[in-house]
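Encoded as structure tokens, the structure appears first; notes follow it.
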Amino acid sequence: MSVRVGILGATGAVGQRFIQLLDDHPTFELAAVTASADSAGKTYREAAKWRVDTPIPDDVAEMEVVETSPAGIADADVDLLFSSLPSGVASEVEPAFLEAGYVVSSNSSNDRMATDVPLTIPEINPEHLQLIEVQRDERGWDGALVKNPNCSTITMVPTLAALDEFGLERVHVTTLQAVSGAGYSGVTSMEIIDNAIPHIGGEEAKMETESRKLLGEFTGAEVRLHGADVAASCNRIPTLDGHLENVFVEFADEPSPAALREAMRSFESADLPSSPDQLIKVFGDDEPDRPQPRLDRTYAGGMGIVAGGVQETATGAKYNCLAHNTIRGAAGASLLNGELLVEEGYV
Amino acid sequence: MSVRVGILGATGAVGQRFIQLLDDHPTFELAAVTASADSAGKTYREAAKWRVDTPIPDDVAEMEVVETSPAGIADADVDLLFSSLPSGVASEVEPAFLEAGYVVSSNSSNDRMATDVPLTIPEINPEHLQLIEVQRDERGWDGALVKNPNCSTITMVPTLAALDEFGLERVHVTTLQAVSGAGYSGVTSMEIIDNAIPHIGGEEAKMETESRKLLGEFTGAEVRLHGADVAASCNRIPTLDGHLENVFVEFADEPSPAALREAMRSFESADLPSSPDQLIKVFGDDEPDRPQPRLDRTYAGGMGIVAGGVQETATGAKYNCLAHNTIRGAAGASLLNGELLVEEGYV
Amino acid sequence: MSVRVGILGATGAVGQRFIQLLDDHPTFELAAVTASADSAGKTYREAAKWRVDTPIPDDVAEMEVVETSPAGIADADVDLLFSSLPSGVASEVEPAFLEAGYVVSSNSSNDRMATDVPLTIPEINPEHLQLIEVQRDERGWDGALVKNPNCSTITMVPTLAALDEFGLERVHVTTLQAVSGAGYSGVTSMEIIDNAIPHIGGEEAKMETESRKLLGEFTGAEVRLHGADVAASCNRIPTLDGHLENVFVEFADEPSPAALREAMRSFESADLPSSPDQLIKVFGDDEPDRPQPRLDRTYAGGMGIVAGGVQETATGAKYNCLAHNTIRGAAGASLLNGELLVEEGYV
Amino acid sequence: MSVRVGILGATGAVGQRFIQLLDDHPTFELAAVTASADSAGKTYREAAKWRVDTPIPDDVAEMEVVETSPAGIADADVDLLFSSLPSGVASEVEPAFLEAGYVVSSNSSNDRMATDVPLTIPEINPEHLQLIEVQRDERGWDGALVKNPNCSTITMVPTLAALDEFGLERVHVTTLQAVSGAGYSGVTSMEIIDNAIPHIGGEEAKMETESRKLLGEFTGAEVRLHGADVAASCNRIPTLDGHLENVFVEFADEPSPAALREAMRSFESADLPSSPDQLIKVFGDDEPDRPQPRLDRTYAGGMGIVAGGVQETATGAKYNCLAHNTIRGAAGASLLNGELLVEEGYV
């Protein structure tokens, strides 16, 4: 069974990761790549300034780029769209595809907190996908829109989900984020060499709200935000890929570090083509300096979460977690939601 | 009035900063530089692999290095010693100097939490210096030993001291520390290029305990640790100098961000030669991406603290702070304690 | 004697360096700062995203930015203009100022090789300034236009000038250039972290031609290019400031490394306010790993040249040289030409 | 057909690459790992601080490390040894293995220029292997010692070999070398962040002599060094892996850039398991900014050479070349020589 898919905004940094990840995908077949009007008509090779460290797949290199509109992809006969458009563009363009009946798995940040849009990590809250029924009722769409969270949120939430059994009450998290999270030209070299920047616009609010939606309960009609207090502080540092996060957690219970490690290690993954066998790899006491971005970001092909440094504190516990921000945190997240949409019969 | 001073361990990274800071000092005159036995007898230029970005002062370059022992400096007629010895060496060697009657201002980490050793930042807790009387009673020393805290602790504690009026109860702090904090060879390039390391041995415990001693109350006989809970998480990142810290604070009161900023800005500095006019520089809402290590580490010649990013959170407030780790956080901290010792009549 | 000066393109990276260098200048008084139309009317503080590591001088911060046109600066009563406009803009705008009678010392790359435009480094070829007479004859300008060379050319040419006494015949040079040479946003962090880029558009041709003009003989009517063959290869590397260059030289004579070092060390500087006492600092055999960008770029306040690693080769000799690319290589170069213009009576 | 192999010095940086490359090798089976006496008896996992970005192969992790001596490996029944010992150790230890009859493919720098030791790159000068006969005659060894060149030499020599048909006369080469070339702790972070170091001890002489031996003619009794003049200048820059080199070449003929590109592209590879299908990948005029270390170092699994930037100069031509310094430039080079030794019947 093959599913024909398209990528909206295929030439950018996340778009290139989609193409890399779709190469040799067991069920998805890339049938359309879109970009802005001035790239339409070019081959993908001409339109994209390819930056990924594997070559452009030959067949994609020669594909014709079409404009990002339902008309543009009308001939491609696709069943599922992945969107990595800038959020400003996405908020204008995505509705047109939904009205035209397309199923869209989107990495763009618009509408993530809308009450009728599922914000989903397949291993964490697949049941939220049922919000699509609410969405269709309210908006009258034939299509369906599902979002994945922000890259910094995705890195942390699987660990919080694994630990929620201990009665998660408060979270203080600090991020050390890679430059690729800002896109190819987002951080200049003069800003970041021998430096760190303790501010990423809007990022802290995303972590604080998206995490509570992801961990929230689906009632059948809506998602009730998780009750934990979450406070985030976000930094950009001179790493290329891989967001590292330091998390302080407080629980109703008093779990030991060993119990926390075990809960993360044994947290169940999903049965989807791109899900890792073990979702969260956990380093023990004997390797306190892990995870590290350069050494651990490719765990499970960049689709896994790596944790470590679990210790008690005066207020509860702390640990570190890490994920590849443009794979698990962006293109891979949308891809996985696409696989879930197929699995659940929405495609 | 001139005070003759010596540097114990003068050839290392912190020793070199001492020499840079003592050049043109208004009252201190460098009269002795010590190192291990195999450097004794060489000129300073020969013995030190000079790495500071200003040239070796000419007179220091030609000074003879002597062995780190009371005999070694016997002819130098010094009144005050600065110590930047590795803590393992310092714990062996410092007592000999104290027994010989020297006043020692030490950056080494040994004995910082000893109940009869003052751990002092002159602008924060100068009254703790009176522990010297207890120390002399207990140890029978003619000399006096004062310590400054760890570089990561120094960066944060002035801001906490400024905010303590609001009833400081809990602190969660994450550090982004520069490689120079580990000494010249402490972090290899292969470890840190395109990477971050979420572990610095012993650093978190230092921040958690030293901060409570610095903020503690001196009763006349001892220092009562401050009652706040402090939890720290420490990271090494690819910056050369300047420790950046993200701090989450919770108070008995509910101060506004504006009140927090004002409390930091108006916190009084000390009237010592190396103290900044304004101890804590605070960036406002209009510059949320400051402080940054490369842009702000030289504030007040590297002796100031720079803060910013003050905001409310779901649990209290958060802000960022920064200091130059080898100036304010090491050599400059000991130097300032030396100035306080002179001011208070211990030298 | 005070000279009122203006900066064309004052808000960019080189413009900011001009402002830093003009602060406390003994004879120049900053009287006008220009930028594009959308910045006109703002204060300098509002218009510039200040990135230099010293604060904006207070008086400059509150200056009103005017449009880059003769009308814009008409009220400022300036005697000398420094230009750091992008070359595309400069080639359009500079002629208007020259027709209006202004003397312009320009860092922009347009017209550097024009036969009636002096390309000058004051310590190397001050006599080329007399081309201004040719320029005035040919163009009918009351003003005068002088250019300084490209940053990578400036780094090398003083050393070649010092060695030309040995009969310079061939030069092969490779550069390791800092990111600041491309302007604040010229090199993205994703391009350069853990990377090097062996191409800088147009840079190699600039080095090959400008160097021969600078070393050429002024006949009274024109500059005859120096006869040496010059081949350059240019690279961008992850350094912030300071261009390092590896130079292979071949001579008619067979000078020893000692003779080469001595010729560079004893090369005469100029008697201008911003010229270093010793133009070229030379490291000897005992420090073969110098010059290095981070350790040596601030020699003589960034206005000096630093050389080292002089050795014989199978084909002649080789050495390394280094200069601060945005000080000696850009703003400082124009400033120095301005000082020469004053000295020679053109202002 | 399986060949049992051992690694001398298996725990270091190059040793780890050997292990990575031998995992899944079609014919070599790892049977012994040696290290210094204090590691002997430990498992490989315990003895090695594993730094490669793929996990330790499970079977290797549990192998017992033995001492680096013929006695140490006596029970392992190996047919071929790879050596990545420090050259000081290798010059003491390698002869013992040769006297004991082992065939050793060594990456260590000792003896590379010895007249009876083949210095070999299988695609370039496989016929030099016949020096083994001379070696056996002179030294009375049953075993055989073959060396591969230095990492910076290997990067350049395949391109020179491809271009030698045009009458190679002179070479000026500048290197931009990655920190991994100095071993795990060879370059500290404080030395190299925001910096470059224009000196690597002994490296320039290695490039100048080894390249002429590799390109030299084997007469049946000796290798006559190639007659070209070679001058090298070597730099360390802040890259992790991948040596980039800028090469200026002069020929008896006057080949066009197109002819140079074609000669490199069509240069024949070897028919060995680890040789790339196309030895030299060449970028054309349309991608003048390639090769780049981060983007191109993994070409052909790190075993290929990548060239680009071919242009005419005033003196001949120039181009850039790049190879992965710890794969093609070290462990992979020895491995390939091992494959050649098997192919040629020495094992």
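By written order: A, B, C and D. Residues from 1 in each chain.
Heads up, the rule we're going with is that contacts are C-beta pairs under 8 Å (C-beta built on N, C-alpha and C of every residue); 3 or more make two chains touch, one makes a residue touch a chain.
These numbers were taken from a predicted model, which means no experiment stands behind them.
The chains that touch chain A as well as chain B are C, D. Chain pair with the larger contact count among C-D and B-C is C-D, by C-beta pairs in contact.
Centroids of chain B and chain D (each the mean of its C-alpha atoms) stand 47 Å apart. Note on chain placement: the centre of chain B and the centre of chain C lie 41 Å apart, centres being C-alpha means. Contacts with at least two other chains are made by residues 51, 193-194, 238-240, 294-295 of chain A.
Listed in rising order, the residues of chain A touching chain C in the complex are 13, 51, 179-180, 184-194, 238-240. Across the complex, chain A is touched by residues 51, 53, 193-194, 294-295, 298 of chain D. The touching residues of chain A, counted against chain B in their complex, run 170, 172, 174, 176, 194-199, 208, 229-231, 233, 235, 237-240, 244, 246, 248, 288-295, 308-309, 313-316, 318, 320.
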